[in-house]
Amino acid sequence: MPPLAQRLDTPDTSHTKEWLRYYQRVRAATETICAPLHIEDYMVQSMPDVSPPKWHIAHVSWFFEAFILKPYHPSYRTLDPAYDYLFNSYYETHGTPFPRPDRGMISRPTVDDVYRYRAHIDRAMEELLIDPPQEYLPEILHRLELGLPHEQQHQELLFMDIKHILAQNPLCPAYRDDLSPPPAHEVGELGWHAYPAGVRHIGHDETDKSFAYDNEMGRHRQFVEAFQIADRPVTNGEFLRFMEAGGYDKPDYWLSDGWATVKAEGWKAPLYWVERDGIWHHYTLGGLVPVDMNAPVCHVSFYEADAYAQWAGARLPTEAEWETVARDMPMQGNFVEQDHLQPVAIAPATSTEIPGQMFGDVWEWTGSAYRPYPGFRKLPGSLGEYNGKFMSGQMVLRGGCCATPADHIRATYRNFFPPHARWAFSGFRLAREACA
Amino acid sequence: MPPLAQRLDTPDTSHTKEWLRYYQRVRAATETICAPLHIEDYMVQSMPDVSPPKWHIAHVSWFFEAFILKPYHPSYRTLDPAYDYLFNSYYETHGTPFPRPDRGMISRPTVDDVYRYRAHIDRAMEELLIDPPQEYLPEILHRLELGLPHEQQHQELLFMDIKHILAQNPLCPAYRDDLSPPPAHEVGELGWHAYPAGVRHIGHDETDKSFAYDNEMGRHRQFVEAFQIADRPVTNGEFLRFMEAGGYDKPDYWLSDGWATVKAEGWKAPLYWVERDGIWHHYTLGGLVPVDMNAPVCHVSFYEADAYAQWAGARLPTEAEWETVARDMPMQGNFVEQDHLQPVAIAPATSTEIPGQMFGDVWEWTGSAYRPYPGFRKLPGSLGEYNGKFMSGQMVLRGGCCATPADHIRATYRNFFPPHARWAFSGFRLAREACA
Amino acid sequence: MPPLAQRLDTPDTSHTKEWLRYYQRVRAATETICAPLHIEDYMVQSMPDVSPPKWHIAHVSWFFEAFILKPYHPSYRTLDPAYDYLFNSYYETHGTPFPRPDRGMISRPTVDDVYRYRAHIDRAMEELLIDPPQEYLPEILHRLELGLPHEQQHQELLFMDIKHILAQNPLCPAYRDDLSPPPAHEVGELGWHAYPAGVRHIGHDETDKSFAYDNEMGRHRQFVEAFQIADRPVTNGEFLRFMEAGGYDKPDYWLSDGWATVKAEGWKAPLYWVERDGIWHHYTLGGLVPVDMNAPVCHVSFYEADAYAQWAGARLPTEAEWETVARDMPMQGNFVEQDHLQPVAIAPATSTEIPGQMFGDVWEWTGSAYRPYPGFRKLPGSLGEYNGKFMSGQMVLRGGCCATPADHIRATYRNFFPPHARWAFSGFRLAREACA
Amino acid sequence: MPPLAQRLDTPDTSHTKEWLRYYQRVRAATETICAPLHIEDYMVQSMPDVSPPKWHIAHVSWFFEAFILKPYHPSYRTLDPAYDYLFNSYYETHGTPFPRPDRGMISRPTVDDVYRYRAHIDRAMEELLIDPPQEYLPEILHRLELGLPHEQQHQELLFMDIKHILAQNPLCPAYRDDLSPPPAHEVGELGWHAYPAGVRHIGHDETDKSFAYDNEMGRHRQFVEAFQIADRPVTNGEFLRFMEAGGYDKPDYWLSDGWATVKAEGWKAPLYWVERDGIWHHYTLGGLVPVDMNAPVCHVSFYEADAYAQWAGARLPTEAEWETVARDMPMQGNFVEQDHLQPVAIAPATSTEIPGQMFGDVWEWTGSAYRPYPGFRKLPGSLGEYNGKFMSGQMVLRGGCCATPADHIRATYRNFFPPHARWAFSGFRLAREACA
């Protein structure tokens, strides 16, 4: 993917054909994700945080229309002016967005209409990229460089949302019944890797020309005290021991907000877990299956991760610690391309030298609140709402998961969710002081 | 419809073929109502009171399965045991129903699946009615006699719910664009009809053999003091004068709960009214159109009806008064068969002798709370939940509306909604004391 | 009390001294009720329906100020203009009232200030009644005739609210420890009294000159079918059998709204009941004591009364039935003057000829929704808000209770509460069809 | 205060008389704060975050009882065992605390009772400190060293809560009318102070023997990039310009959660601001007065501080930056001892060399989420709940305010509130990048 090797200021305008192929590849991936859906599945908004799949596939198209086609395509004509209102997600400065919790209330445009809208956008984007107006090309490519990761983020959201939607159904329907079966591995005792104290460079290196989000800029120094980090995420089996030790019943281990949430929501186990005939099962995109005790625990909130760490006499790593560990590691793992769509047990041999499963499987909750780096600057205009305005009330997660495209992730990538959220593929890894 | 001329205790078992034709006619009407819908429309639950059309068409079929086929069809096999849970509406004693507000969360079974379920039920019902087990035939016909009006009630609910669903959409899509156009009539000043005091027989006469719901039984005596009743419902034009007189701004005319609702909901006009360029429009099943000032006002709550009456120096009729007036009138009016699907202005000549528009056009709010008649008895078993358990917190409406099948209505028919509900085709008519 | 023997249109203006004594007696009774309170007790608003006692004692004074002193006292000067805003209860047309749920937020004026305000009003009222402006005297007496029962209603509310306030306290403090001890009686099996069908005159007879509220006017005819009524209210012992039969666990007996309330609120017993060491106790104004199984059950909602009646194969009486029974009975019973402040077991001999405990002990839920009588007219001006605007969503209770002043009650008296309310001294009596 | 010069591990056990005097001084200060209150004022809980003053004065006493007297006083007898339940604040591991939002529901024990309880505790504490059991003395002093700052925190909370309580009252009563009048200063344009990049030691230095909370431990290194900080907090006049520029009307400057809060709460100005006759006033503990445009803005949330900073092209300082600036500054400012009880304008000469008003006046919102320092360890037992369990969802504030005792504050002191909270004396100061 050469164009992505170029940095935001000067995307390589000589390779627009490669950009076009990249565009087509990302757009096709979205449609592949939706292929197993019935029209009915496209319509459901199972909670305010979830969007109906129909909305996702329209919104990612709207992004290209609003930010690229309308300003830069010389002859672009919109299919329906109402779509601008319906499929704006949260760009308040672009105009009042349609209320998020009501996205499931809108039956028209239909799914077919929305696919026609996608095709309309794709044709126009192809026209634009085949014969771009040269004076705007750098800006077009900048925006494309943002729009395609944006669509990849929605691909992962589609997996999260489809899972949540189908899980509402007492029939537990599978999204797909041909997923790649998870490998069976016996996972050993947790091991630790130690890192010395020192000044670390954190954040995206803007000199290396590759793309990163605004929230990964700018690279800066942090002093990271000596610490140790676990050689793999906490497993379902380990988490079950916490549950069996009364983890959800005692306030001792919990943050105050976490304990209030446990009581208000009646949490007794990770999301999607259900006991059947004395055996813990969980709902996966392949249907309801027994929990693999060797796989990383998933669909836990920050509160549960933090309580487990308290119980285990450890803590969550900060995002600077995590990035220190991950910085020079190969970007390999159980990503969407492995087609498991769930975290799997780590293979025995891979974890001796360096911590395993840093990338893929589960997003790892860190102990760091999501706040701007020193020198953070918002993008200009409505795109400035992309990341910055969410910088309160959320915690950082790192490393990507089993539903993340491999080429979407980076060691500096900062994902974020509120501390109570559980519908992402979120797990965690322990850390502790150097001397512990 | 001869069989319906028979009463509940002894439905005419010799005419099962006519019952079968009646069954087929009612079932077909439901599908005709849904014909203009897209699959997406079937999925929306726009508020907890609304059910997705998919749920309606499944639930009315489930009624026949649960109460007739399973107990009385000798070889009936269900299509899917989960449907019993999913499509039970509120029969708590039949088993815990699936939570009502979550009906829009269930994408599977799909709309196609549900139509297959309907066809499966229809085939079995036809088998049963062609060759019924004679020992159970009276009970089968009793239940059929209830199940078919039940489906007709859901036909009207379908119109109400489809209207509410499509009205959420800022695009204001029409349900149908080929509705029968409303006639244009100039409606004159309100006139009054006087009725003397006396003992009246109220409720369904069980000796006349025709069907009626449990809540219309048993016939009893009420003393009705002398009163006057208006010769037609209040019109949009009259209601607009109330609005222009500050009706929604002053507490003087309102019940306490009504005023609290006005403030909490921000009501400024009937449901579906919207001002465009200084002209009041309202959303109809044919799309957004200017309000016909001569047609009865519709989609108002009991609170609004009562406040208007206070403002106008009148009151709403009691249900006994309404029934006294309607008892011997011909059952004619603007019903679903007229295919307007909205109330229309009354024709000039029709209202001189007797009050006009008593049947059809709009359900008329009465001043009577929905409570049991003396001697009311619930049906046995789960069917006992049909009407009786709703006898608190609701007000009685009378006369049917533009979405009611003509053969579904009676002078004794008691409809009911909570006083704040507005999504039914509900309007009202004034009454006053004899000496006023 | 001769003046009260006069009717609203022409109160006897020649007996203003008697009116003054009546005024002083009612006002003193309010202060006697509050005598056992600490200043802290005056400040608590334990739920939005409850008002702090400080507010009650100010509001009843405000009523005389707003409706009598300001319009008719030639030289009246208010103590503090802000009180008009703070102590208006719900007269929206008199000016926006201070928000009801925030009444507990206002520490100033202090309790001492409020008693000063009372004394200020009392002095002015005494001046006015000793030397009244003759041209306004009839209207002054009309308003006094309303203002004194109004204060008596608040006396009962004070008992209800003080009980609710102190019951919040885990220490279960007694309001008074010198209450009159309840008699011990063994209550026998329930008996029934039969009444024939016929036209009844219902409501206050305006020709008899005694006072009644607007909602008891005007007298009219109702046809009451033959019925039977129980010879006493349902007892705690009987209600406990309902509980032990799973009454709170099965939806079968409940109205739909009632069952939803049971589940939402977690009701398992009447309000104030608590099990201690296997024995049911309840909180009374004398503290926590074992439940007397022979006393009428109290602090139950309409929903619970109705469910019990369903379970017992009976129903609640309508208010017309209740009034038919009570009309000619002597006005005797366990009222506030008995100083039990709780319902007590009926004495054996009293119930053979006529139904017992019709007056006093517990307000009896009827099966009638609170709606206007034919010909109901609101009082003019803000006083028109006194009763009429509450005529939706509430049920009628009859007969007064152990906290009602004996001279406050009448056979035609219509009390009303929402069907879920339990903090009034509310119980119930069964009725059934004549032939049952 | 020599004892406080000793560190937590080894408080100087030879100076127990000085500890006793310190105890008496802090306890007396609490009572002085409450002296102007009426009993009624002690009872109000104006929002769930606010506690009734009665609860505060009991709870701070309970702390000494639960954590010192019961474990270490050889003959201590509690006054009432129920108080342990009623006045535990949030120590879940100590036993279920009485529900916080219901603290205003409890009228007994009365205020007098609670003062008796205080006196009882004080007598026992004096006994204990005059003749302490030597083997427990170090632990007793450790806990005293925590219990006295704990009471000082509640002194500040009392000011916050009393202000909020009295502000509910439309009469705007003053808490005191003899407060020290604020000086009148004309404040000039904002200036900036620059600090170079470098590794900083952050947190309490445990070798210096003085007291600090657990959340200030342990001292660690942070790399702080070069930055600039404003020479004083933002003033009311500056904040008014933000308001006049539409600051509360445009989403552009706001965090997403902040904008949602602005809309939900209808915020248009800082808490306690109200426009009267075109002039902005605000409610102070001295009553309603015109806003001093030269004084620091106060009672703003983190959201408002952050939005102002965005609008002004700046940002909030991190807590490490703030501590870097404050570390070596003299601990002087407008504290509770100045007896203004509101922030005041800075005197002209004081701000040239170093930033002014770092201590006192207003707590300054930082841009840092409240999370544990590296190596943070909870105190053992229930005291471990003191600070650690609140480490999610809150932001750090620094520097103390006009209601903070001067000897309570430190450069390392970390206060924290949720980002929407406004009832603390919270303002803010701007920072920016070095090169800005």
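As written, the chains take the letters A, B, C and D, and residue 1 is the first residue of each chain.
Quick note on the criterion: contacts are C-beta pairs under 8 Å (C-beta built on N, C-alpha and C of every residue); 3 or more make two chains touch, one makes a residue touch a chain.
From a predicted model like this one, the values you see are computed outputs, not experimental measurements.
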Chain A and chain D share contacts with none
Please compute the C-alpha centroid of chain C, do the same for chain D, then give the distance between them in whole Å. 48
Can you give the whole-Å distance between the Cα centres of chain B and chain D? 60
Inter-chain centre distance, chain B versus chain C - centres from mean C-alpha coordinates, in Å: 38
Chain A touches at least 2 other chains through residues none
Considering every pair of chains, which are in touch? A-B, A-D, B-C, C-D
Touch list for chain C against partner chain B, complex: 90, 92-93, 197, 199, 220-223, 225, 227, 251-252, 254-259, 302-303, 306, 315, 318, 367-369, 371-372, 374-375, 389-393, 395, 419, 433
Any idea which chain D residues touch chain C in the complex? 38-44, 46, 54, 82, 85-86, 98, 102, 104-111, 165-166, 168-171, 173
